[in-house]
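Each of the next two complexes has chain A plus one other chain: chain B in the first, chain C in the second.
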Partner chain A sequence: MDLQIFLLLGQDGVTNGAIYALLALALVLIFAVTRIIFIPQGEFVAYGALTLASLQAGKIPGTVWLLLALGLVVIVLDGVQMLREGRYGKLPSLLIFNLGWPLLCAAVLFALPPGDLPLALQVLLSLLLVVPMGPMVYRVAYQPLAGASVLVLLIVSVAVHVAMIGLGLLFFGAEGSRTPAFTEVSFELAGAPLQGQTLLVVAASAALIAGLYFFFERTLYGKALRATAMNRTGARLMGIAPTLAGKLCFTLAAAIGVFSGILIAPITTIYYDSGFLIGLKGFVGAIIGGLASYPVAALGALLVGLLESYSSFWASAYKEVIVFTMIIPVLLWRSLTTRHVEEEEE
Partner chain B sequence: MSHVIPSHLHDHEVILDVRDLRVAYGKVEALHGVSLSIRRGEIATVIGPNGAGKTTLLSALMGLLPASGEIVYMGHAQGREREVEALVRQGMTLVPEKRELFAEMSVEDNLLLGAFDRYRTGHRDHLETLDEVFEWFPRLEERRGQLAGTLSGGERQMLAMGRALMAKPKLLMLDEPSLGLAPLIIKEIFRIIGELKKTGVAILLVEQNARAALQIADVGYVLETGEVTLSGPSGELAADPRVVEAYLGFGKKH
Partner chain C sequence: MSRKLALAVLAAFSTAALAEINIGVSVSATGPAASLGIPEKNTIALLPTTIGGQKVNYIVLDDATDPTAATKNIKKLISENKVDVVIGSTTTPNSLAMMDIAVDNETPLISMAGSAIVVEPMDTKRQWVFKTAQNDAHMATAIVQHMTDKNVQSVAFIGFADAYGEGWYKEFAKIAEARKLKVVASERYQRNDTSVTGQILKIIAAKPDAVLVGGAGTPAVLPQKALKEKGYKGLIYQTHGVANNDFLRVGAKDVEGAFLPVGPMVVAAQLPADNPVRNSALEYVNKYEAANGKGSVSSFGGHAWDAGVLLGAAIPQALKKARPGTVEFRRALREALEGVKNVPGAHGIFNMSTSDHQGFDQRARVMVTIQNNTWKLIK
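Presenting the complex of A and B:
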C-alpha cells in the first residue's frame, strides 16, 4: 500500500465516518433523553436518500403516502384524547401539523413535476417529507409506552425497524439508487485525488454538529432536552413534559438521518434496506461513547469509518465483521473500567 | 378560565383547598384523608415526624403521585388526570426534598430552565426574573457559572428555591428547605421565605424544624402517620402543650 492508496482509503473512511458520527450523535441523544435504542435511525437515512432519488427521477416518492397515513393515525390518537378532555384549543395545531402539512407536501408534489425542480428544492422537499415522520413515529409507537423498560422499548424499535424496511421495499422497490454528485469539483492532495463531494460531506457534517452544539448549549429548548436526560423528575417540575422532549429529539434524529442520507446518496448506492447497516455502524460509535458521551461517540464513529475503509483494502470480505467485532473489546473495556451505576427511574 | 372572585376577597383568595386527600403506594395507604387550605400571601406549614407522609403530600399535590379526594386549585376542581406540566403552567411549583437539580449544568442554566414553561408560552422576561432571583440569592450570582453538582448543600437549596422562583409561582411548595443545613444558613433561608410571602405568593412549607417553621407561618398542620392530628393558627399551635412536648422541646433552643 503506497501513500496514494493510503490517502484515498483515508478519504473514504473520513467521509463515511462523518456520516456515522452524525448517526451516533442522534442515537446518543435519543437514548439519553428517552432510553430508547433507536434501531430505525438507519431507515431515515435510506428514506431520505431514496426520496431524493425518486424526486430526481421525476417520480412521486411513496413516503408521501406514509406521511399522510401516519399523520391521520396521530390525529385519531391525539384528537380522541383532546376531545374527551375538552382541550379544543389544541386541535388546530394538531390538524395543521399532522394533516395540513402532509397535504401541502402532496399538493406541491402533484402540482410541480418534481424532476424539474432545482436540486436545492428537491433536497428541501425530501427533508420536509421525511423529517415529520420522526415525531409521528414517536407518537404512534413509543409515547404510549413511556416508562416501559429499556428492553421493551428495544423490542418496539425492532418492530418499527422491520415495518419501515417493509414499507421501504413497497415504496422504492428492490433496486438501489444513487443520486448525481452535488459537485464535480476535484482537488489533488499529495498525488491522490480529493473529491469535492468528500469535502462537502465532511463540511456539512461539521456544520450540522456545530449547529447541534449551538442548539444544546445556547437555546432553552436544547437545554431542556439535556435537562430531561439528566433528571427526568426535575425536568417535569420545570414543565418539560417527557412527551415534548421525546418529540423534539425524534424530530432532530429524523432530521439528522435524512440529512445523512442525502449526503451519502451520491457516494454509495442505497437500497431500501441499506439504512440498517449504516445505522448499526453509527451505533458502534455510540457504544464506544457508552451511549452517553457525544464527543467520544463522534470520534468512535469516525474510527469505525476509518477501520472499515482500511479493512476493505486488506480483507474486504471481512470488513463488516472487523467493524462489528470492535464492539467486543470496547464493551469489555467499558465493563471493566466503569462502575455500574443504576440510574434511579421514577 | 377562572371563576370570578369578588374583588374584596382578593387578599384572602383561597389558592389551594384540599379535602380528604388519600394517597396509596400500591395497597399501602400513606395519607388517610388529609384536608388543608392556603390563601394568597399566606404561609402554611406542615410539620411532623419522619415517615409521616409530608413528602407524599407534596408529591400528590404536584401531580407526581395519583391521589383521590378533592383538590381545588385557584378555584378549579382538579380532575383525576392531573399532570405535573399542566399544574406548572398554572403557577404551582415544588422544591422537592431531593432538590432534583440538573447537576451537570451551570447555576445559570438551572435557573433559566426554571422559566422554561413561561418561555414556551411566549413570555420573554426570563432575564429580568433572573436578576430578581439574584437579588434574593446574591450567592447564586457569584456562582452563576459553576456546575450545580459542585455546589454546597446550602447553595444547592438556594438554587432549588431560585429555580422555582424563576417560574413566578402562585403556590410555592417547599419540602424541608432546612434539610442538612447549618443553623446560620437555615436562618437565612427562613428569612427569605418570610420575605417571599410579601410578594403575594402562597407558600406551603413542609418542615422538621418545627420551631422555625411555626415562627414564620400563619397556619400550621401537624401530620402524623398520614393524618392531620392538629391544626390552627401557628401561634396557637406553638403554644399547644402537645406540640411543645413532641416538636419544640421544653423551651430549649433546637
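Presenting the complex of A and C:
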C-alpha cells in the first residue's frame, strides 16, 4: 500500500463517513428526544435519492401518493379528535399541512414536466415531497404509543421499516437508479485524484452539522428539543408539548435522511432497499456515541466509514463483518466505563 | 417446420383422443428477481395455444422469488389443475425447491434458471428436470476464449459476496487455469455497497490485463465505474447476468466498452444471415416487441420462449403414446423432451440427451461489447 492508495482510501472513507455521520446525528436526536430507535432512518435516504431519480427520468414518483395517503390518515386521526374537543380554530392549519401541501406538490408535478426542471428545483421538490412524511409517520405510528417502553417503540420501528421498504419496491421497482453528478470537477491532491462530488458531500455534511449546532444553541425550538432530551417530564412542566418535540425531531431526521440520499445518489446506485444498510452503519456510529453524544456519534460514524474503506482493501469479503463486529468492543468498553442506570417506565 | 411436420404426422394417424393439455407456470414476477420474471410472464402469453392439434391451457402463478411460494405453486398446479408439465421457475433456489415435488408426482419440470446444478449431476431426480438457460460454464468459456484471443495474460476478478459471485469465480478460475490465464486478484462486494474503492485499488495495484466483474443486473455497474474513475486502462468483462436495459440505463457512459457473453437472441438482428439461431431468435424478438413495444425484449424472456419451443417439439411425440392428463403421458413427455434433437430456440440449438438436459452448445452464446449504450455483436 503506497501513499496514493492510502489517500484514496481515506478520501473514500471520509465521504461515506460524512453520510453515516449525518444519519448518526439524526438517530441520536430522535432517540434522545423520543426514546425511539429509528430503524426507518435509512428508508428516507433511499426515498430521497429515488424520488430525485424518478423526477429526473421525467416520471411522477410514487412517493407523492404516499404523501397524500399519509396526510389523509393524519387528518382523520387528528380531525376527529379536534372536532370532538371543539377546537375548531386548529382545523385550518391541520388541513393546510396535511392535505393542502401534498395536493400542491401533486399539482406542481402534474402541471410541470419534472424532467425539464433545473436540477436545483428537482432537489427542492424531492425534499418537499419526502420530508413531510417524517412528522406524518410520527403522528400515525409513534404518537399513540409515545409513552410506551423502548422495546415497544423498537418493535414499531421494525414494522415501519418493513412497510416503507415494501412501499419503496412498489414505487420504484426492483432495479436501482443513479442520478447525474452535481459537478464533474476533479482536483489533484498529493498525487491522488480528488472528485468534486466528494468535496461536495463533505462540505454539505459539514454545513448541515454546523446548521444543526446553531439550531440547537440559538433557536427557541432547538432549545426546546434539548430540554426534552435532557428531562422529558421537566420539559413538559415548562410547557413544551412532547408531540411538538416528536414531530419536530422527525422532521429534522427526515430532512437529514433525504439530504444524505440526494448527496450520495450520484456516487453510487441506490435501490429501494439500500437505505437499510446505510442507516445501520450510521447506527453503529450512534452506538459509539452511546445514543447520547452528538460529537462522539459523528466521529464514530466517520470511523465506520474509514474502517469500511480500509477493510474493503485488505479483506473485501469480510468488510461488513469487520464493521459490525466493531460494536462488540465498543459496547464492552461502554458498559465497563459508564455507570448505566436502568431506565424504567413508571 | 418441425412443428408443422409433427402436425401432419399427427393428422395422418389422428389416434389421440381429444383432450386438453394443461401447462403449469410458476415465475418470479415480483420480488428481487422481478426484472427477470416479468418478461418471462409476458412471454408465456405469446406461446402457442394449440400444440399437435390439441388445445393448450397455461396456468400462470407468481412465486415472488420465494422458494416456499414456488413449492406451494407447483403443489397447487399438480393437485388442483392436473397439469401435464410445469415451466418454472426463474431462479435456481426456486427451481431446486420445485424439483422434489415434480419428481414425486412424475411431472416434467422445465426450469429457466442459470445455474448448472438444476440439471447436473444427472441422477434419478434430475431425469425429470430440464433447463432452457445457458449454464454458467458455457458463458465462462466464452469469456476465457475472448481473453486468450486478446492476448490477456493476467486477470482480476471482482464479484458479489454471495452464491452468484462465488459460483462465477469457481467456474471462471477453473477454466482460466486450464487455459494458462493467471488470476492475480479475487475481490468481493455486496450488491448494495455504496463504494468499491478499496477492492478496485487493490485490483489496479495487481496490474491485471483484464478485469471480470461477476455481478448481475445494475449492481454490476459500480465496479466498472470505479475502475474507470481510478484510470484503469485494461479490458473489462461483465457476465451475461447484466444483459438487460436497466444495466444500460444506470451504467450510461460508465459501462461503455465492456465485453460480455450473451445468448444470441440479445443481438438477433445483428447476427449474420447464415447463423442457425438467427431466424428462431428473430421470430421471438418480433413477437415479443409486437406485443410489448419496441426495445422491450430482454434475454430472460427468451428462456420462457425456449421452454415453449421444447414443448412444441416434444408434446406431439408424447401424444402418439398416451392421452394428456395421465401419468403415461407425462412419462412419454419426459422421454420425448430427452429426445429433442436439433431444435432451434431463441437462445440456441437444443440437442438433449439422457445425460444432458440443457442441450446447448457453443452456438448458444456470442460475445458482445457495449457501444453507444447498446449491445454490439463482435464478429
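Everything that follows uses one rule, which is that the second predicted complex is superposed on the first by the 342 of 346 C-alpha atoms of A that agree within 3 Å, B and C clash if a C-alpha of one lies under 4 Å from a C-alpha of the other, contacts with A are read in each partner's own complex, and residues count from 1 in each chain.
Operating definition for what follows: a contact is a pair of C-beta atoms (placed from the backbone, for glycine too) under 8 Å apart; a residue touches a chain by one contact, two chains touch by 3 or more.
Quick caveat, the model's predicted, so the values are computed rather than measured.
Touch criterion met: A:G239 reaches chain B, while chain C stays clear of it.
In the superposition on chain A, contact of A:I264 is made with chain C only, not with chain B. When the two complexes are overlaid on their common chain A, residue A:G290 makes contact with neither chain B nor chain C. Of the two partner chains, neither chain B nor chain C is touched by A:G196.
More chain A residues lie in contact with C than with the other chain of the pair chain B and chain C. Contacts of A:G100 after superposition: neither chain B nor chain C is touched.
Applying the stated contact rule after C-alpha superposition, one finds that A:G10 touches neither chain B nor chain C. Taken together, the two complexes place no residue of chain A in contact with both chain B and chain C.
Those residues of chain B that touch chain A in the shared complex are 62, 64, 81, 83-85, 88-89, 93-94, 96, 100-105, 109, 112-117, 119-120, 126, 163, 167.
Against chain A, in their complex, chain C makes its touches with residues 31-35, 158, 161, 187-199, 201-202, 205, 217-219, 221-222, 229-231, 246, 250. Every residue of chain A that touches chain B in the complex is listed here, in rising order: 85, 220, 223-224, 226-227, 230-231, 233-241, 244, 346.
Contact residues of chain A toward chain C in the complex are 1, 5, 8-9, 12, 15-16, 19, 173-178, 193, 195, 264, 267-269, 271, 273-274, 277-278, 308-314, 316-317, 319-320.
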